[in-house]
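The same subunit A turns up in both complexes below, where it pairs with subunit B and then with subunit C.
This part shows the complex of A and B:
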């Protein structure tokens, strides 16, 4: 009798496993693909990845046809308020309760760090469109991270290296005091030292600082040739404005290490004109980018897109195509497809998703146009140079992402 | 306290995770414990602390740090968090109970801000990033808490223990003296009570229990962050307590449930960008229209009609 029971149990288990196994191999987990977009709606990064990122993801879904493998694609979004605890709680609820299959957006490295931990524990993919820390594909890498748009290494390589090589050796940092700022400062410091420069000082300002005057006076007193702004969004705009008001820009160069197009637009061209920086995307680069940007602007009150918006669209599209090709929304199968298919669209040129989750693509070195060069209000950057993806990003072998290096 | 009601509520709490998302319930329990701890001080001793977030956050950071770096078991992590919160409570209490009213509130706020900036800068807290990926660990080295259901019953046990302790305190001679101090401090002094010592003890108890809530919360969310030490959090607990009914045993629980529930519902609705406005309006209505809070008004209603 006992033996019989055991056999029955074993058969039942085998049958269950076979059923669930085949369900995983083909088809979708819950008859739909649900994309959760985590953004900042009202904080310092709202212009960079707020409603714009949500719209960009929705555009990608519409362009894809609204359904994949015959099932609908759903988009949900939420505001993280740039707080890691809120972001991770939302991600947890989405995954455990609301059958969200993939998370996009992910603005601010501090929030993204917490979110990717929750997501990768549950074996869900995070498409990081708007965070800069390179930790997500190096020491904190997981098989479920896809870091899309840019990172601190590509920014530092593109912006810092040419300035040091031009003979400006003494640097001072004004750094945003969280994961992103720290990572950017340490990577940029490495680039400066490699090229024979030195760092004469630095200050850390909390995220969302409004009064940068004391930081700028310290920067001025340091006697540096270049003041590097290792911050972003309105923080970057406010610090540059303050630098101009205190006349710091007359004695030293100011280098914005992460300048998004809308922020550059908000700056006075007489102050910011001539500044060189690195970006992953510029709307006015060629016909393809212009065509996409025009459609985006029509949906977003004529605001020009920044690189995270384009990255959010591109990553969503690539994900959906991979779901289509894999015939399932199982994260491992989809990720494998994403990594074997090249990423080539209006945003990504010569792009591919590397084993460690880094999406390597060409970056642009641009210069902010002076007032007299601008044809209209949206004419902001002049492209100086295209940086090849493999030169811009940290090589896989130097990243220290264990699972990816073990594979190769 | 009505025994039947307690048993009925416990029964509901035991089956609740079958119907409602357990992490949401755990969040409510953590904040309810935090609000109960705060209520012990405000409702029964009449002391308005405006820096209680520090104890919540301290508990979370200490537990998170120990769990992350020394892989201790969760009960050790929680006990350490409670002790640290209690110690800080002792130091802050010692300084603050010398003053009364608004000065007491201001001193606690000032001390809490000192602690906030310490945690912002201290390397072990991770600054703006917070402590991420705190493991829940194995309770007593055996019971795996990774599963939300197991974790829920663990949190429910902690909450029940904390709640029972507060209930015992309030109904003990110690609690009676606290109420006497609240009602008329000079008279309590004239009766020979060392008022400052009683206040200090209440403060330390309240801080330790707030620390307990913070430690538990850090395990639930696997994260300890600056939000928990920010003065917004100190304000939120005041709102929870006042809304539910200050000086009642169940008030803070109802208040915490209402506030957390509202935040949760509003976060995904059309009012998402106006959470703070809605909460502000609710607070104003509460203070203007029903000053005794939800439970306080209910009690009054019951007294009048039955």
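This part shows the complex of A and C:
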């Protein structure tokens, strides 16, 4: 009975959307398309999705021709300082007063959670280029989220599964003690258990811990085959440095569950060399990625792009093409077009935007190169394996995104 | 395996040793702050940023000037001290006679600017710095593997701390210094150049941050945020030890390293709060700190 009610409700909603969609379908609101890029300019994620994300969005707009349906495309950007309240306040002001049609960037899951709430209440699309929580397409999904680059599930699947299957069954977690770390640990634990492994211990280290030596001794004492780092940024760099220093890496593997290229560059190749990880994008994969990355680097002081930058470009391009095809910037019509068109570009291979807003695309399992394998400072990863999108991401049926499951 | 009350004593010894290593590091940083506050009455919030500058100095020296770790350990602190002296002469001196809050806000502002500039120039993710060849590897102790570099940290910091303490508390130069800050006018009447002493003391205090920065570069992430993460803890240590007490800062640094180390073993989640808990308890029972003299 309940199921039927939900189905009825969903059908009614879909019908309403279709009606409002077609009513607005005549051209663009405010005679322009305005893209707001929300980033971290000066905090710990500035290299991950800061000025780089803004430039990537601008590149997409320029490559698209600077206008859509004969009207100009504008890009504005703002710094959330990684604070959810600031992020949601900016999003609200953009949408209510400055005619922003779509939000891109969105770094740090805590901020993104607040921003997607504001945007979806106003029926505006958020193109999430840089957040890891899989909540945006499961429990907290909305018809206006498009989660583009990676999430905790694809990272854990890509990194953990092959290692457990290679016979390394005993795992120890060093987890960042906040929502992101907990989510990563619980997803990875699930993957370990499904594949016949076990978790022999773990610590929850506060965010911003400088010295991880105590935890590495505990990891060593646990007799684990693999030490999983369910943390990010400086925490990850510090824990890996310490693991190598204390000789932990000689007896056990270390698996970084979220490693961006700038983090990998911050590590001595003799320390990090050999570590396996998963990424949504690597600049030096093939001619297409290299061509785009060279153009990006020319604008960004020769810094190589990380996966959120490529995701920000790809999602902007896909959005603009959908606006063109739909003949309107009405969010419902554009989202429908985005979901029915495959996403195929230098970043996304075999990609498609699923009903729940998850952009499913091939992920890369890579290994950090040792010093003697590197041609230069930007030569960081060796690609070990391509993971098919459907194997990497959580299936729609397991996610629990109600509106999307009702539709299918 | 030896156990006591269900606690593995081998594991505990390892944690105690690690606590001491981190403690010696805290002691070095707290010492610089304690000197600057105790003798000059400046609450130096830029100490963390200067520590960061020390680590970046080691990185830049290696990659642009070809300076080895050992040269960096000698030259970078001198360079940081020179920056400190410049800061003292041009910015801090003009407000020396104002309320302590002014110097606090000024140095905090300087710290934010330095941090912002380095994020702009080098990004937020940090830079690689390897452990020097001579100190690679480690020693297998019965209860843990002790990396040579960590052993070096503890020996070097303790020598620097003990030397500084001796210099200030036991030598004639130290006596001039203490007297000069206690009663500047009288000392100047004796023909002692007090402003010069103040400048050099400030330079020495921030130079210690430079030393700590170079020491940290091989083991911790060299990033613009590294100073702000550690500064607050070090301030708490200075408060627990007693603002301005040189010996107190050193001993408290070591003790808090051990307390934090044990917390990381028994209840990791509280490891970044335990020092502040101790601080609250100390302020409630001994407001002047463990080694401070009540005003």
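Criterion: the second predicted complex is superposed on the first by the 363 of 408 C-alpha atoms of A that agree within 3 Å, B and C clash if a C-alpha of one lies under 4 Å from a C-alpha of the other, contacts with A are read in each partner's own complex, and residues count from 1 in each chain.
Criterion: a residue touches a chain if its C-beta (ideal position, glycine included) is under 8 Å from a C-beta of that chain, and two chains touch if they have at least 3 such contacts.
What you are looking at is a predicted structure, and each value in this text was computed from that prediction instead of being measured.
Student: Output check: A:374 vs subunit B and subunit C. Expected answer is one of first, second, both, neither. What do you get?
Tutor: A:374 sits against neither subunit B nor subunit C.
Student: Go through the superposed model and pick first if A:303 touches only subunit B, second if only subunit C, both, or neither.
Tutor: second
Student: Looking at A:79, would you say it contacts subunit B, subunit C, both, or neither? Reply first, second, both or neither.
Tutor: Touch status of A:79: first partner only.
Student: Of the partners subunit B and subunit C, which touch A:177 in the superposed model: first, second, both, neither?
Tutor: both
Student: In the overlay, answer first, second, both or neither for which of subunit B and subunit C A:42 touches.
Tutor: A:42 contacts both subunit B and subunit C.
Student: Just to be sure I read the superposition right, which of the two partners does A:241 touch: subunit B = first, subunit C = second, or both, or neither?
Tutor: second
Student: Is A:233 touching the first partner subunit B, the second partner subunit C, both, or neither of them?
Tutor: Only subunit C; A:233 stays clear of subunit B.
Student: Which chain, subunit B or subunit C, is in touch with more residues of subunit A?
Tutor: With both complexes superposed on chain A, more residues of subunit A are touched by C.
Student: In the superposed arrangement, which partner chain does A:123 touch: subunit B (first), subunit C (second), both, or neither?
Tutor: A:123 contacts neither subunit B nor subunit C.
Student: Let me test your reading of the model: by the given contact rule, A:113 touches which partner, first (subunit B), second (subunit C), both or neither?
Tutor: In the superposition, A:113 contacts subunit B only.
Student: Under the contact rule defined above, give the subunit A residues that sit at the interface with subunit B and also at the interface with subunit C.
Tutor: 42, 177, 206
Student: List the residues on subunit A that touch subunit C in their complex, please.
Tutor: Listed in rising order, the residues are 42-48, 50, 177, 203-206, 208-211, 213-215, 217-218, 220-221, 233-234, 237-238, 241-242, 245-247, 260, 262-263, 265-271, 303.
Student: Residue numbers of subunit B touching subunit A in their complex, please.
Tutor: Residues 21, 23-24, 27, 120, 127-130, 132-133, 148, 221-223, 225, 227-228, 267-268, 272-273.
Student: In the complex formed with subunit A, which residues of subunit C make contact?
Tutor: Counting only subunit C, the residues touching subunit A are 8, 11, 14-15, 18-19, 21-22, 116, 119, 123-131, 138, 144-145, 147, 149-150, 219-223, 225-226, 229-230, 261, 264-265, 268-269, 271-273.
Student: With touch defined as at the start, can you tell me which subunit A residues reach subunit B in the complex?
Tutor: Touching subunit B: residues 41-42, 76, 78-79, 83-86, 88-90, 92-93, 96-97, 109-110, 113-114, 117-118, 177-179, 206-207 of subunit A.
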